[in-house]
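Okay, so chain A shows up in both of these, paired with chain B first and chain C after.
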Partner chain A sequence: MEAPPVTMMPVTGGTINMMEYLLQGSVLDHSLESLIHRLRGLCDNMEPETFLDHEMVFLLKGQQASPFVLRARRSMDRAGAPWHLRYLGQPEVGDKNRHALVRNCVDIATSENLTDFLMEMGFRMDHEFVAKGHLFRKGIMKIMVYKIFRILVPGSTDSTEALSLSYLVELSVVAPAGQDMVSDDMRNFAEQLKPLVHLEKIDPKRLM
Partner chain B sequence: MPVAEGKSVQQTVELLTRKLEVLGAEKQGTFCVDCETYHTAASTLGSQGQSGKLMYVMHNSEYPLSCFALFENGPCLIADTNFDVLMVKLKGFFQSAKASKIETRGTRYQYCDFLVKVGTVTMGPSARGISVEVEYGPCVVASDCWSLLLEFLQSFLGSHTPGAPAVFGNRHDTVYGPADTMVQYMELFNKIRKQQQVPVAGIR
Partner chain C sequence: MCVLYDVLSIVRDKKFMTLDPVSQDGLPPKQVTIQVGIIDLNQKFNKCHKRVYTVGKISAFPLALGLSEEQFEKCPDRDNPQTLQLISKKKSLAGAAQILLKGAERLTKSVTENQENKLQRDFNSELLRLRQHWKLRKVGDKILGDLSYRSAGSLFPHHGTFEVIKNTDIDLDKKIPEDYCPLDVQIPSDLEGSAYIKVSIQKQAPDIGDLGTVNLFKRPLPKSKPGSPHWQTKLEAAQNVLLCKEIFAQLSREAVQIKSQIPHIVVKNQIISQPFPSLQLSISLCHSSNDKKSQKFATEKQSPEDHLYVLEHNLHLLIREFHKQTLSSVMMPHPASAPFGHKRMRLSGPQAFDKNEISSLQSSEGLLEKIIKQAKHIFLRSRTAAATISLASRIEDPQIQAHWSNINDVYESSVKVLITSQGYEQICKSIQLQLNIGVEQIRVVHRDGRVITLSHQEQELQDFLLSQMSQHQVHAVQQLAKVMGWQVLSFSNHVGLGPIESIGNASAITVASPSGDYAISVRNGPESGSKIMVQFPRNQCKDLPKSDVLQDSKWNHLRGPFKEVQWNKMEGRNFVYKMELLMSALSPCLL
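And now, the complex of A and B:
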């Protein structure tokens, strides 16, 4: 047997900050097929991938005005996949020339007892939903076309109801901080999807 | 399936490792298990009306890509190493008790199906105790091999052999996992933290 890895240094700081670059748009149900068709042509050649996820959003209220938000997502159709915990920071302000919404992002894969653990930490669930749709990739870009379903009975994913008559389209990239050409590539790709769907930078704060 | 216990003095580590080498164990590099403590910041307590909880974030070189987070008597979360980055973001809500960072480092031995790790437990610059971990590879259910483990432990620990770890409790027949190892380490570190610093002169 070869020697195993040597002592592991605990991670303290100085890790790379990852940023999520995001463009969003939507299409009505009846336009879905043509959008999928075009995406299949433009994106990397792979088996069409569908997903069915259940996402729960947890809040931790402290003395600060804004609570700390964490998103816990689990796959309902892939047994054995780890749960996905995601932290998204505030969108970066300034730079009007930047074509995409940029925010700090930390992604963590966890074991299944995530919700129990978060409750123990003091988080409380704010809302939950089910997302069902298609996933495409082009290089480092990820394109998701999905429908959001509202959960009628809290805790049970059996009874759901569609939130709208449309599909949400998201083009996102997770890359280390400072790589601004990523948003240029995203805009160029978004141009190719017009006029089927208009992907743009949507500031969440303007919606509140 | 591991067992961890604390003992008396630093030089005993050498005695133990020599005993293991005489038995025929092969040295296989080093290992490290560390533990940081966080407690809920005062600002989050007011709205919840409960006393602050202690959360332990641990790493184990046996599982280099994982991070273990646990509460005493609570759930143990196994996450990937980005969890440390998240803890940095949660600075305002969970404060790290820097002084109580504790770790054990030492050598890893392989003896047939047993994996033995003997380490020195240190808190800051001072050595506080010794940890011995024994893992029996082929078995995943505790009750099936506890007597075998006990016999092996007695062969080199003699009178210091511990009793069955609390982690087994009423779960003797369930599958053992890495989270159970980390709970045992947490209990060991807590025990050592509470002890007074042992004087260097004591040798059996």
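And now, the complex of A and C:
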């Protein structure tokens, strides 16, 4: 859980409610290069970062109709990086003017025995995938351009197959609750990527 | 004339026409005619050929003139070749003039077009130049740019956007001024003018009422490169103002938050702290806007002497380092869904770091603390230098030399101090001190291995150096004795006899001559000065009481009473020289 610097937030007690603001879009494989170039120009000036992650989604089926979802993610190309456990809540039903998808978000860094722990707790793995792509940042905004690979043999990350001929583009910000200016900044940034990729808020419920 | 040229070029080809010499009889010499021969491919009819030529000559000529057969008949003086010549010249000149006029018309049209489009084209080329230096984006119908350091890693919440506008107040009829630029930039109103951070150290503690009024001197604007357009200087100045504001905001935030023994005072645009007692460090943001009202006040020349340029430069460097840290790849999350943050901080949870480990990870020192440490060091260094210089100018014997090392750290410098006597540098070099000047203390390493730590009090250093100088004199006598062949009978760095010195301790030495007849005893103290006594053999002293104890006269050769030497009346430039003379006077020549 990332604590913001002391000077910016008054800590009232307990943990601070963090929200994730999200915009998503996609590009076809052949337009990837131009998108990467554009992002390198728009984003902060640093060496381009690539990542290769393996994510597993765990479900806990309780008495309620909707299961509890937790996402466990590990980095495959960086040794020594901790595992990352994430909980994403339901998207907030705000006014239509809000430009980004807002949902409650809890981020936890864990050690490597996370899967065993979750299994002991009663979670069952629902699905897993490998994500490979590029990572950019602009201030507090994070832009990920990655391709999702399906794992053919469960448990082995060597046999993968691309899910589609396109790359998923995600623009996300993790900020304390109540800061709506963040979504305006995100929209302004998305405007600049307009002809190459259209980033918009996609409600996951509507896709089901 | 054009026709002539064309005919000549065809003749050169030798395919369709050739030149033949003309028989000059019957033709006036003024005539300019050429015999045009039409080559007939059939070479057999040579004779008919010639006839054809003459016919060709007559008929080709009017054709060359462009006259039809009828016109040629109508011509009144057609047989007169001069008239024909005149007409031909007129015609050709008219043709040439026509072509020239057409060309001129086309040129004037393009020039007028150019004039009209000049403004439009220049704006675009200027915009292109602007884009090479600054980030621009189009929002609606406005062109906005970004002059903040956010893409370089700054987290300062200022938007830093400027607007690019077209300069349309131009009168096409009047002459366009030299420095006219079709593009103008509008910077945010709070970034106008120029700013700098003034860092100064003052000795006396001021009245509390004086706070808040900073002597700012109007620093001349940094000279921009001669070829750079005015918008570049404007934008660079605005960016500098923004950076100075960020530095000052960071410093004042830290001044308020960080607990220190003596609290820092933040008043308006000034931060005051006390690194040492009776010493005051003031960091102030001096922002002078360009309007005429403030310029009137700033014309009085304030003394810029107490402004420490080095610290201002270091402040800029420190904030840039802070920016770079935000952008370093250590902050990027792996796996990608993790939040931004330092890699090791993310590990602190899973690896169960304790409080000490976490606090060691977080950079404990802020900008203000760093700059205060640097200021302390600078102050201590300048004080040490002043102390050595004042001693060197005040005391001539022995001499004090300071060799400062070229390479220093922001928090540490070193100097080698040598105490020598003039003329005897090779012999008397036992006092060599290595001073390591830190942030709050000075560490002295003596040649004989002793390590002494001095505090920031200037009196301590001065007293220490004075005591070392007095010790040097006695050491010098010891070395001199070795050279002269005298024997050291006793030597003590800190004698316990005699009057107590307020600074350090007195040292003493006793040396005996090679023959054993004389002995010199020296006592030197930092405050009491030097006292030199000479011991004479008994037979040279006249006022000795006769006693019955001594039976033999050989005992009269022993050394007896001491007599003090009036050192100030001795000949000699310095102490060691005088000592050498004394020693040589007391060891008589064997010859």
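Definition applied: the second predicted complex is superposed on the first by the 194 of 208 C-alpha atoms of A that agree within 3 Å, B and C clash if a C-alpha of one lies under 4 Å from a C-alpha of the other, contacts with A are read in each partner's own complex, and residues count from 1 in each chain.
Quick note on the criterion: a contact is a pair of C-beta atoms (placed from the backbone, for glycine too) under 8 Å apart; a residue touches a chain by one contact, two chains touch by 3 or more.
The structure presented is a predicted model; accordingly, all values stated were derived computationally and were not measured.
Undergrad: After the superposition on A, what does A:Asp44 contact: first (chain B), second (chain C), both or neither?
TA: A:Asp44: touches chain C, not chain B.
Undergrad: Which partner does A:His84 contact after superposing on A: first (chain B), second (chain C), both, neither?
TA: After superposing on A, A:His84 lies in contact with chain C but is clear of chain B.
Undergrad: Scan A:Met121 for contacts with chain B and chain C and give back first, second, both or neither.
TA: Touch status of A:Met121: first partner only.
Undergrad: Quick check for you: in the superposed arrangement, does A:Lys61 touch first (chain B), second (chain C), both or neither?
TA: first
Undergrad: Quick one: classify A:Glu161 as touching chain B (first), chain C (second), both or neither.
TA: In the superposition, A:Glu161 touches no partner, neither chain B nor chain C.
Undergrad: If you stack the two complexes on chain A, which partner ends up touching A:Asp107: first (chain B), second (chain C), both, or neither?
TA: Both partners, chain B and chain C.
Undergrad: Need the overlap of the two footprints on chain A, from chain B and from chain C, as residue ranges.
TA: Shared contact residues on chain A (touching chain B in one complex, chain C in the other): 6-7, 107-111.
Undergrad: Touching chain A in the complex: which residues of chain C?
TA: 137, 150-153, 155, 253, 257, 327-329, 332-341, 343, 346-347, 349-351
Undergrad: Could you pull out which chain A residues touch chain B in their complex?
TA: Touch list, chain A to chain B: 1, 3-8, 10-13, 15, 60-64, 68, 85, 87, 89, 106-111, 113-114, 116-117, 120-122.
Undergrad: So in the complex, the part of chain B that touches chain A is made up of which residues?
TA: It is residues 28-32, 34, 36, 40-41, 43-44, 46-48, 53, 55, 59-62, 64, 67, 69, 71, 74-86, 88-90, 92-94, 103, 105, 108, 110, 179 of chain B that touch chain A.
Undergrad: What part of chain A is in contact with chain C in the complex they form?
TA: 2, 6-7, 43-47, 49, 51, 53, 55, 71, 73-75, 77-78, 80-84, 86, 107-111, 131, 133, 135, 137-140, 142, 144, 146, 174, 192
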